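In what follows, subunit A forms one complex with subunit B and a second complex with subunit C.
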Partner chain A sequence: MKSINTTTLKKFDLLFIAIAFVMLGYLVTFQRTTDFIIFCIFVVSYDLIYGYMGRLSFGHMLYLGTGAYATALFCDHVSSNPLLAILAGVVCSALLGAVLGPIVTRTTGACFALINLAFNQVGYFLVLIGFSSYTGGEDGMSAFFGNLGPINFNNKMTVYVFCLTIMLFVVYFVRRLTSSPFGILLLTIKENESRSQFLGYNTVIYKLIAFIISTGIAGLAGGLSILNYTYVTPSFIDPTRNVEVIFASLIGGAGSLYGALAGGITYMMISNYLPNYIQRWEMFLGIMLLILVFWFRAGVWGYLTRFSGKPGKEMGS
Partner chain B sequence: MINTLAYGLTIGGILYIISVGLSLTFGTMRIVNFAHALIYTVGAYALIAALPFLGGYFVPATVLAVLAAVPLSYVIERYIIRRLYGASIDYAIIATYAVLLIGVDITKWIWGATPIPLSDPVNQYLNIFGVSLPVYRLIIIALSLLVFLALEIFLRRTMVGKIVVAGLEDREAVSSLGINVEKYFCLIFVIGSCLAAFGGVLYSPITTVHPYMGFQVLLLSFAVVLVGGLGSMRGTFISAFVLGMVMAVTGRFWGPAAETMVFVVMAVVLIIKPIDV
Partner chain C sequence: MLLSVGKLNVFYGSAQVVSDVSLEVDQGEMIFLVGRNGAGKTTLLKTISGFLPSGSGKILFDGADINGKPSNELALMGMRYVFQDKRVFTQLTVRENIHLAAYPFKQKASEAEEKVVGIYPEIVRFMDKKAGGLSGGQRQLLLLGRALIGNPQLLLIDEPTEGLAAGIIDQVFRVLKMMKGQLAMLIVEQNLAVVSQLADRVYIMQEGQIPRELVSQADIQDQEQLEKYL
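Let's look at the complex of A and B:
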């Protein structure tokens, strides 16, 4: 990693990411890598709010779950076209984000984290009990996708290629977004919101837009995971699972797109293989979180860029 | 009707006892303390551990369980939370959540994940207007009022309490008077944690004791603190009973929705009156 110049990396980053994930596919089987990719998309969506906008949310699973359930319901009741179903998931998540966004983005700090958690709890209840006749309650529901022309989405390899393509699109989109004036404005909101207000920016609108984009991408991750698993259970919307994405975001280094990807892969590696060796998985997660918070705030990517000579800008903090 | 009222007051009383500690630490240290749920769980488990040694007597076991929270909360305050003063609030949330995860896993390690039921320690019923109510619930309501009064007297009448209240308002001004604020904050943290353990002890005979019992109550008590206004003792008191009644009334019509309704109320309150932390 030391020898890689960061500018060449930026130029060909999509290629590098694609190669990395194909190599990962050979390393840990392609089916697992599909999981990794979907989780990485989710971490990227989370990092948009946490890393770039500086708002810690404890309820992002709500949007993943909304996307997942919307995709499954659309698939079962309207059309089994996978593209349309995933699109429905994205739209539903983004719509939910647009409805809840004006409420939650007005708050900051602890309030933001907790109100998101509360909404997530409400969503979990609705899926588990409130609408259990549609969602199947605790048992969940399955979704069967039809073919898209000649492409058979029941083939795991197809799903892998599809997810990888989507992830590259997401990475490209988010990179464009965060390097645009809009992304820089988000960083200023993170640093000092009232100052950016003094400069004449209507920060409420920008925060809302960022929130909706983030929820839409989270819904995309949810839809893709249904494409991968072909079933959905309430664990997709379980509020206690939020810590996973926070952990991934921290371990990779919040506030950097590549950090989010590195964090997603690292987390999935740990959660896939470590429980085989370590019985007390939650304790390990807790201790790792403490270590990250106290001594390792820049995350994996922050340290990699530090060693590559160029001090990474805006790491952690 | 009376049953619902009594249930709401019981829930409100327990919610008050648990969330007042949260409100105190939130108000003084501006830290969202997820580890509060851990102390609550530990309180309930300490009760279970202490009961057989004390021949099944509930009161001394309660005292022991509450005392067990003192060293635990001191360690958490000293080595986790004190290091995070002034740091971003996000790190405090994540660190205390990590403590909660570790602690829950340790309780699972020691006692197992299966829920442990506890029987009603009083097991007597009182007839009010033709409705029989468990005396234990009435005791809980009385105890919560007692805790409220004791805290009011402590905060308004004693010197230590006044320093704490002043610290709630303006921490730097108090420390510029040469008072070691951190010492008092540590004391407040320990008191709040003891109350959390007490709440766990009181609530365990009504529900079952299991390692994850803290998570749900924590969310509810956060709702209480946010609805009551951060760091406001009386606001917490009122909102605890209001939300307890909300739970009881909702539960009467549709049981599973009771807790969700609390969050709906909280969302409505936050929409009307957003809080900046």
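Let's look at the complex of A and C:
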């Protein structure tokens, strides 16, 4: 099989990614591709804590939802400037990550997954019932963005270009982060945290920083979702939807930035188009997960890069 | 005294594994802990290094009470622990394994590499290979070299020659000999040939206690005598 030249890919990755998403736009419509892009940003945020740090979370929707609601509330009550509103979403999610992080990052395994799920449940019911006078409860709320100078954010093509640009920034940032000593340390925490501590690292702090960055990026995905849909409902924070990002991360190959993007696109293609042909398409996802777990643990990207001789390690080195 | 352990007790649940153990290691000394499997040697090292909590007793390192301090703080104070299982970070390259050990001490990456190459020159051939591909002996030499990064004062080494081929044991022996006198070492070892040739003093450990300390070179080099404690 012809190998994937990861060196070339790394050098021009942003260009390749941009071209791929433009082609995808022509293939599946640009509005739908905006959905794909936003979901990919969310998967990248999740992969930081799952793929790189080795902590499986069942509660990452909390941060996407927080970003979405914070953006919408900011837009409605403070300013309709889209950049400021999305920034508010990012800051609120990161702040929530900073508050909950010291609790959750001290745990591992099932405990980490379930504590995150518990917080997600609390957030969901706060949005649904506790703060329903602000969030619109089950009906959700709308957000109308103003123009940014001459840029009209009510134009779907503008939103597509904006989201794609933001995603390229996120990819660049996460690539720099994961190939830095900080990113390498995250990999060692995943492999053997106590040994990292014996090298002199206070791993609690590094895990917390990674968690806050991850939650901030998830909030960014939430904010962009509002820009795309102009409304938010409790489904944006629904804990049962965590399975989507977990699936995408596994499909693409956890611990790889390109894998996260590949997984995000693959999952969105399946969930958008398979229902047209198979009524209970979720069953197909279940079967796919079984196949991945038994035969392709490194995911789509890990499997492809195996033929280049650098399995699953194209980012950290 | 660099390391001073006084009346240390360690428990696994209700089972006492280390009982009233006292020992001392001075600057530059190479001290060996010898005893049968299950005598509590590894538990003792893990407790000194902050990996396990102690039930009671004192652990002083460079004059500071370190009992209960986390292992990352002890590393920054100048204590390193080389584990028995020879685990490196398998997903990282050898170079990344070395560099990672340099950052907390603000040592230059090139200096850190030099330090490891200094004790194991052949490692230059593997620098950009995944550390998971190294053999047990290569891993041990990498770990010993990596432990020297940041100029530690004390190395705790658990069974450095265990499970290694004879040729590699010679290499590890050569490295330990090279390091002797440069820093203090407390080593758990069952290879009596290594012990008798390198030890400044030997603590005998039996059933969680240290009933005997061998100080004279005549006693240390008497391998038949030492064998009785294994």
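Note that in this section the second predicted complex is superposed on the first by the 303 of 317 C-alpha atoms of A that agree within 3 Å, B and C clash if a C-alpha of one lies under 4 Å from a C-alpha of the other, contacts with A are read in each partner's own complex, and residues count from 1 in each chain.
Quick note on the criterion: a contact is a pair of C-beta atoms (placed from the backbone, for glycine too) under 8 Å apart; a residue touches a chain by one contact, two chains touch by 3 or more.
Everything quoted here is computed from the prediction, not taken from an experiment.
Touch criterion not met for A:G146: it reaches neither subunit B nor subunit C. Partner contacting the larger number of subunit A residues, of subunit B and subunit C: B.
Judged by the touch definition given at the top, the superposed model places A:V122 against subunit B, while subunit C stays out of reach. With both structures placed on the common chain, the touch criterion links A:P275 to neither subunit B nor subunit C. Applying the stated contact rule after C-alpha superposition, one finds that A:L289 touches subunit B and leaves subunit C untouched. Shared contact residues of subunit A, touching subunit B in one structure and subunit C in the other: 317. Note for the complex: subunit A touches subunit C at residues 181, 184-185, 187-188, 191-192, 194-203, 313, 316-317. The touching residues of subunit C, counted against subunit A in their complex, run 49, 51, 70-72, 75-76, 80-81, 83, 87, 89-93, 96, 99-101, 103-105, 130, 150.
Listing the residues of subunit A that touch subunit B in their complex gives 50, 56, 58, 103, 106-111, 113-115, 117-119, 121-122, 125-126, 129-130, 240, 243, 246, 250, 280-283, 285-290, 292-294, 297, 317. If you check the complex, the residues on subunit B that touch subunit A are 26, 32, 80, 83-84, 88-91, 93-95, 97-102, 104-106, 108-109, 215, 219, 222-223, 226, 256-257, 259-260, 263-264, 266-267, 270-271, 274-277.
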